[in-house]
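Several structures are given next for inspection.
Below are two complexes that have subunit A in common, paired first with subunit B and then with subunit C.
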Partner chain A sequence: MDITRFISTHRKLLLVGFLLLILIFITTLPLYARPSDVRVLTTILIYVVLAVSWALFSGTTGYMSLAPAAFLGLGMYTMALLQKELPFFLIIAIGGLVAFAFALLIGLVTLRLRGIYFAIFTFGLVVFMTEIIQFLETRLWGRHGQAIIPIDNETLLYTMLVLVVVTVLATYFIRRSRYGLALVSIGGNEEAAEHMGINTTRTKVFIFAISSMFMGAAGVVTAPSLIYVNANIAFSVFYSFMPIFMAIFGGMGQLYGPVIGAVIFGYLEKTLRAQLYSYFMLGFGIIMVVVILFLPNGIAGLVPMLQSKLGGVIARLQKGSQGEQHANT
Partner chain B sequence: MRILEGQGVSKYFGGLAAVSNVDFHVDQGEIVGMIGPNGAGKTTLFNLISAALPLSSGEIRFKDQKLNGLKPHQICKMGVSRTFQETKVFVNMPVFQNVLVGAFFGTPTHISGADAAKETTQALEFVELSAMSATPVKDLTLVNQKRVEVARALATKPELLLLDELMAGLNPAEVSEAMELVTRIRDTGITIFMVEHVMKAIMGICERIMVLHHGEKIAEGTPQEIADNKTVIEIYLGEETRAGS
Partner chain C sequence: MVERILPLILVGIFQGSVYGLLAMGLSLQYGVCRVLNITHGEFVMLGAVLTYTLHIGFNVNPLLAPVILGPLLFAIGFLLQATLFRGLKARAPSPAAFEGNALLAAFGVMYIIEYIARITWSGRLMPSYYLVDIVSFLGMDFVKNQIVTFAIALALGVAVYLFLSRSRMGRAIRATAEDPGTAGLMGVNTNMILAFAFGLGALLAGIGGTLLSMKIAVSTTLGFSNTVIALIVVVLGGLGSIPGSFVAGILIGIVSMLVAGFLEPVLTVPIYYAMLMVLLLVRPTGILGKK
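Let's turn to the complex of A and B:
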């Protein structure tokens, strides 16, 4: 009983402590883990950035963007082209800005499209990017693909960790602010939102660009671990669908939903895929179907569900024991 | 003083004139009603005022400012708010947040979080929904969802409120309550322009009524004048004569 009361009164403190523990775990991991584990963790962190920033725009407004790969790929190519000219950290900022500017442009043109049309356009964008980059590479260099100078695992891990913290904090504050409310109201009924004084076009385009900025920055950090990128690798639709699956799997109602989804999926993907590729994809499909059918709010939706069910059980147990005490006296 | 004025207002959907060359005005502090058979262009006219649809031709002025070419969010900030015929609440939010959206974004000046919350509480009290402020709006009955829309519109601090069939689908007791609510809103100084099919309501509270038919204004006057108007009676009861012949 004392434990439950402690948890409910010191909720914020416990949360901060928990987050600190995770940070300590991630930062100290390179000291005792194998290099391959560090790489797995870095990949998971990339997925966290993708899933959280995808959910920031698409999860709230309901505009299903299939374009994460386009912005991630832009980041990778920014890295490929600038790696010899500029320091790594500057390239990350530039990668983010390139993605931001590109998303602004795309958003202004396409966010008038609704529903399935927007989804199909963004999907087409990824395919278009693949083709145009291939075309440009052939014209400019006469070859496909770019070699990327590797960077040590620890630097990549810590850089990605900083990016995760920035993304999660930015998303947290946006969602809590009046712009978060505006985004959710657009998802609820866009016409009504517009009539209540929200400049829906500006809000959508701006948040779409912000979310793409994080994806672009993540692309810059992803590139060195791949050593070589070409248009098909950088703009792989795999990177577009993974964040969506992760966000849906984890649940988009809460900020931590996409994080949980990305961690679980990223871990399973990296560890199981190498050993049993086809079975992994099969299991992946089945899990997605089950989650969509039975957990419309994802894994995060399990928490209130369990709370209400377990809460009932606990209350009954408490009543039971009180009843017994009464009987004894 | 004329708060809203339209001149030669027209809207064409392809070759169909949904609203054709309508002149209208609403005076400050009035409750003006608009009636007409289904498809007469009433909601289209509201959509033109709130800029949900662009005008084909004509001009609409609010407090002597031209509304042509503005976006709905700009018109809301100028002081014109509305409700919708088919309720358009934010289904993914609780009641309080629905109204909070209006309080945060509906006014031209920046409003602090605390003030927005205060406005929201007041608007919910005004429509008597305070008890349900934490309820998900999708769990509400139709009549309460309509109240949420009214509260949300009031939270934007409008000078002119457009009510699109507020009473459609309500039972007689709910209609009386809604009539009382509309009168109370007017008494706070907000001008009201309403589309309604419930004759008891429109005859009971409107000071002036205009009648649309096939996109054209065919009559305008006091409730009594409209009730006695031959053309209006023909439009509403004309079907019967034809059926008999």
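Let's turn to the complex of A and C:
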């Protein structure tokens, strides 16, 4: 009895404590884990940034962006081109800004229109980027691909951790701000939102650019672990689709949904993909269809659903026992 | 100069008619069922790979392959709409939410089809060229299969257009596209019609795949790029407009040949994108789309 009351009154405190524990776990991991585990964790953190920032825009508004890889790849190429001129942390900021500007351009062209045009436009964007970069590399720079100076695992892990914290905090505050409410109302009924005085186009374009900014920054941190990138690696369709899978599997209603999805699938991807690639991807497709059909709110949506169902059962049992007591007395 | 441009344009028209056929199927599926079917390219891939298997494995003439694979792909498309997308529609709170969910579900289906095909046929190239001899036409040399595929695509395009505009079934499809509720009240079995239209789209994609397999070496990976092309063509022609899709397909075919001939083959997709951007800025409803 006391425990349940403690949980309900000190919920925030417990949450902060839980998050602190995770932070401590991640920061101390390099002390006792193998280097390969550190790399797996870094990849998971990259997916967390991608999935959370994807859900920030597409999950709330219903405008499906099918091109996270375009912005991730832009970040990777920013790193490849600037690595010798500038310090690493400055490049992360620049990578984010490049992605921000590019997303702004795409948003201004497509987000004035109905959502379906945006989805179509972003679907092929990755192919577009691949071919443009290939053209530039072979014709102008006269070489194929870019070597990237590796950076030690710990630096990458801690940088990525900072990026995750920044992304999650930014998403948390945006969702609670006027912009967040505006996004949700656009997702609910765009016309009504417009009549309420929301500048829908500006809101959509701005948030799309913000979410792409985090993807670009994540791309800069991804590049050193790959050592070498070319157009096909940097703008791989795979990076586009993974965050979408993760966000949907985890559930987009809550902030923690995409995080759960990214942790589960990021781990599975790193451990299984190498051996059973085709079956792994086939399983992804099946899970995706099943989740959309039967669990539209993802894993995160499962918790309140079970809670209400279990709660109902418990309440009924309690009522039943009370009724019996009444009958006995 | 003219001697160089004219053959390129003609080949572009021949090539573009196949794009037009693919885009027509996609346009039908979006226009009637409101599903942006990004699985479309995978149906093209299935058509192409099955034609290869029938041609090389069982010695079936590729021109007759659609007789076997057509009903199969139609059935897959029919069942997808009748089960998955119908179920999604029943659960979706609003039409916009349905479009988003259907897009993501199609995304999952795309992975399922692509990787089942990869597990079955692996990723190797499968050449099953057909009718590769040269014919002279207007003083220019063409490969025979280019002309044959053009004729088939054009005939099919006209047939589908006539079917939609003249036949009783076609009228039911158009009525359902316009207003499913009222069409249902008028006695149209809308669920059947939606599934039929979706199946027809899949069938057109499959035949497009058969035509492709006569001209190029196909593989299980060609789905994605064909989806991208079909989507661009559909937007250029106007979402949901059947004749528009065909015209835009031919336009894209000509542009791709001119770009490959005069600039650089790798620039074709970027140029499509430039066209798309200009069009979306100037006339978002597409070339032949309604306001």
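The working rule: the second predicted complex is superposed on the first by the 313 of 329 C-alpha atoms of A that agree within 3 Å, B and C clash if a C-alpha of one lies under 4 Å from a C-alpha of the other, contacts with A are read in each partner's own complex, and residues count from 1 in each chain.
Keep in mind that, in the parts below, contacts are C-beta pairs under 8 Å (C-beta built on N, C-alpha and C of every residue); 3 or more make two chains touch, one makes a residue touch a chain.
None of the values given here were measured: they were computed from a predicted structure.
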{"item": "Side-by-side fit of subunit B and subunit C on subunit A, or clash", "value": "fit"}
{"item": "Touched partner set for A:51, first subunit B, second subunit C, both or neither", "value": "neither"}
{"item": "First (subunit B), second (subunit C), both or neither touched by A:178", "value": "first"}
{"item": "Subunit B versus subunit C as contact partner of A:67, first or second or both or neither", "value": "neither"}
{"item": "Which superposed partner A:248 touches (first subunit B, second subunit C, both, neither)", "value": "second"}
{"item": "Touching partner for A:284 - first (subunit B), second (subunit C), both, neither", "value": "second"}
{"item": "Which of subunit B and subunit C A:41 touches, first, second, both or neither", "value": "neither"}
{"item": "First (subunit B), second (subunit C), both or neither touched by A:191", "value": "first"}
{"item": "Angular separation of subunit B and subunit C about subunit A, which is computed from CA centres of the superposed model and rounded to the nearest 10 °", "value": "70"}
{"item": "Partner with the higher number of touched subunit A residues, subunit C or subunit B", "value": "C"}
{"item": "First, second, both or neither for A:116, with subunit B first and subunit C second", "value": "second"}
{"item": "Least C-alpha distance (whole Å) that remains between subunit C and subunit B when both complexes are overlaid", "value": "7"}
{"item": "Common interface residues of subunit A - those touching subunit B in one complex and subunit C in the other", "value": "189"}
{"item": "Subunit C to subunit A touching residues, read off their complex", "value": "30, 36, 38, 84, 87-88, 91, 94, 96-97, 99-101, 103-105, 107-116, 118-119, 224-225, 227-228, 231-232, 234-235, 239, 264, 266-270, 272-273, 276-277, 280-281, 284"}
{"item": "Residue ranges of subunit B touching subunit A (in the complex, touch as defined)", "value": "50, 52, 71-73, 76-77, 81-82, 84, 88-93, 97, 100-102, 104-107, 113, 116, 152, 156"}
{"item": "Residue numbers on subunit A that touch subunit C, as the complex places them", "value": "62, 64, 66, 109-110, 113, 115-117, 119-121, 123-125, 127-128, 131-132, 134-135, 138-139, 189-190, 237, 241, 244, 248, 278-279, 281-282, 284-289, 292-293, 296"}
{"item": "Complex interface listing, subunit A residues touching subunit B", "value": "178, 181-182, 184-185, 187-189, 191-200"}
